[in-house]
Amino acid sequence: MIALQEKRWTELADIKDELAARDWFMGTSGNLAIKVSDAPVKFLVTASGKDKKKRTAEDFLLVDAAGKPVEKTHLKPSAETLLHCAVYSKTTAGCSLHVHTVANNVISELYGDDGKIDFQGQELIKAFGMWEEDALLSIPIIPNYADIPRLADEFSQHLGTDKGAVLIRNHGITVWGKDGFEAKKLLEACEFLFQYQVTLNQIYSK
Amino acid sequence: MIALQEKRWTELADIKDELAARDWFMGTSGNLAIKVSDAPVKFLVTASGKDKKKRTAEDFLLVDAAGKPVEKTHLKPSAETLLHCAVYSKTTAGCSLHVHTVANNVISELYGDDGKIDFQGQELIKAFGMWEEDALLSIPIIPNYADIPRLADEFSQHLGTDKGAVLIRNHGITVWGKDGFEAKKLLEACEFLFQYQVTLNQIYSK
Amino acid sequence: MIALQEKRWTELADIKDELAARDWFMGTSGNLAIKVSDAPVKFLVTASGKDKKKRTAEDFLLVDAAGKPVEKTHLKPSAETLLHCAVYSKTTAGCSLHVHTVANNVISELYGDDGKIDFQGQELIKAFGMWEEDALLSIPIIPNYADIPRLADEFSQHLGTDKGAVLIRNHGITVWGKDGFEAKKLLEACEFLFQYQVTLNQIYSK
Amino acid sequence: MIALQEKRWTELADIKDELAARDWFMGTSGNLAIKVSDAPVKFLVTASGKDKKKRTAEDFLLVDAAGKPVEKTHLKPSAETLLHCAVYSKTTAGCSLHVHTVANNVISELYGDDGKIDFQGQELIKAFGMWEEDALLSIPIIPNYADIPRLADEFSQHLGTDKGAVLIRNHGITVWGKDGFEAKKLLEACEFLFQYQVTLNQIYSK
């Protein structure tokens, strides 16, 4: 268990370093989680209020299925840990990433009233396992309730598959996949598609 | 005192390195300050005319509450040291950062006639300690007087809180917070919000 | 042969590192190839499903003119290896690079119905060996068939020169040149021209 | 002389590294020069056709006032060395930098018919030594003649000051200043101002 936990810690810390290098945690935003065990569910989640540009022994803490620390610690789990709890309760995913980028927030605002944004004919949707020529990737956009349990409840309605992505309006994206590699792949594919769509919208002004 | 001063020096030098890596000091613009003592007020401030991509023993110098060097030195404090003096005179803040980015200058021009820019419903305003669903972050925009004492006087009118941000029209942003960590967090949150707003404006053309 | 193969491996790995640092392989997209021998044709190509930010001994594998592994291996060649096969079958090129960027995908969509995009009067077209004041660089844009053999067949129609570039609609660009240095030069010149054109289009809205 | 030449070499190589990290030499574009002696004029200039991401002993070569190699060498001076010759013949500048960026090329096209672009009320124009509140920075934009001697001749008409900047239409910018530090400062200030203006133009569509 300890060896596995260390392996997962390193996996998540490497992802954190890579996303931090892209400045995807502006203003200490964002939080990350990776599952360590299934029965009972335990996962590592980012501690609240840390500088994600630095790599320290206090970056993550182990929590249970309800998001409570497994061991006594002065660290506090991220305020939005309940969203990660929802992922591990409703899906078989092993990693979930919540990240703010300018492009994902802009898309969440532009298409927020539609409740979703669709992508078709884009090569990058293959990251979601969609290989058919007419495949359609639809990413839900949910309202940003300040009340986290209510937000987690709304978010849970969209956890029907073992990998996926949900935008929260003006509050970033959450992606989940079987492991860190897949979750990061989905996150990057979404960011690429969002930057693409933002750029098209800048040309065909609304 | 020496140990504390060295600690603050390192804190500010680390912030400088991080912001320099983002190219936030184009054309040698920008200046940074961190408080070393309260009674009397002394703070470290960037020396004038240095390449902020390099880290040297002459990057900062210690000045008093009036912005005058505490010790004999060939270094000159930044031309805009008076703005940092205002921060430490009017607030309890421990760090203040003045930075030019394309996004903050564009926003200062677009909304300059309004004298402010408001953000509401954006997750990132939580960096300013605003957690309510309908909270409003209002960032003042002041004219860019070439006369620095006049500019510092105008700037002082907006120093009512112990953390905050003020835009100077076509002359970057100044943020202040209790320490380097908080000041950097505010700076990043503002930059994110400005880039978001600029992108929306590029879509909904004026 | 082994020494040459190692030299080519390093050449391609260096290019991969440099493009990865620019985030040009988002969502594990993109694939790269470099020729090792001419008679018979053998080339190194990126293995499928790898994290291109990492540099490992399993990043590439050696394939023959038909894109089949030369030696027994658990690695799978990139799904789009047939496009690289076409390059080495129809031209004398030594390196071919297929990369997704936001700008190249946006351009492929904006000008896709025209079947091409033209550049004239741009200094950067000199990268393609065009030095005359009125030279015209025309880059074909082909449809993105999900069926790779059909896509490779369409792509082959545009392999008339020993260095060049073809856009696939919403599916990135493929460039080829005599060696890694030239292929990378063409890739960068195209990216620069595309970003330039996207920016102009953002100003002169459609 | 040798010691001074080595010092200048390092100064220019450091600038090259820094600009290369920003991807300001896309497609092997751009060239740099630094003066080593005044009577007679000798300067180091980038060798033609090198990858500017790498730092090698063949990056620069020493040329005379006419741009001819001072010593026997297999290296060729940059095709545009004549522009650097013009700088050292007409001004007291010690360093000149010619760089392509997307923003400087877009600005050169947008304002090319006006023959110049003006900036006023922008803090960053202080990099050019303009401290008055109503100071005006005017950057000339000249046509991009394919014939280099003709281009150098046109360029020479704008070398009236010991530091400055000239845009060549769709062919980047050339800046010159008393040393590498000042030339880089001017280059960065221009890039900042151009990105600012491009962004405003994207909002107030033409």
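Points to keep in mind about this one:
As written, the chain order gives the labels A, B, C and D, with residue 1 at the start of each chain.
In this text, a residue touches a chain if its C-beta (ideal position, glycine included) is under 8 Å from a C-beta of that chain, and two chains touch if they have at least 3 such contacts.
Small disclaimer: the values here were computed from a predicted structure and weren't measured.
Among the remaining chains, those touching chain A as well as chain D are B, C. Here the C-alpha atoms of chain A line up with those of chain C after a rotation of 90°, rounded in steps of 5. Ranked by how far their CA centres sit from the centre of chain C, the chains are topped by B.
Centroids of chain C and chain D (each the mean of its C-alpha atoms) stand 31 Å apart. Per-chain Cα centroids separate chain B from chain C by 44 Å.
Taken residue by residue, chain C touches two or more other chains at 202, 205, whereas all remaining positions touch fewer. Contact between chains, as defined at the top, is found for A-B, A-C, B-D, C-D. By the touch criterion stated above, chain B contacts chain A in their complex at residues 18, 22, 121-124, 127, 131-133, 181, 185-186, 188-189, 191-192, 195-196, 199-200, 202-205.
Across the interface of their complex, chain A is touched by residues 23, 26-29, 51, 53, 100, 102-103, 105-106, 109-110, 144-146, 168-172, 198, 201-202, 205-206 of chain C.
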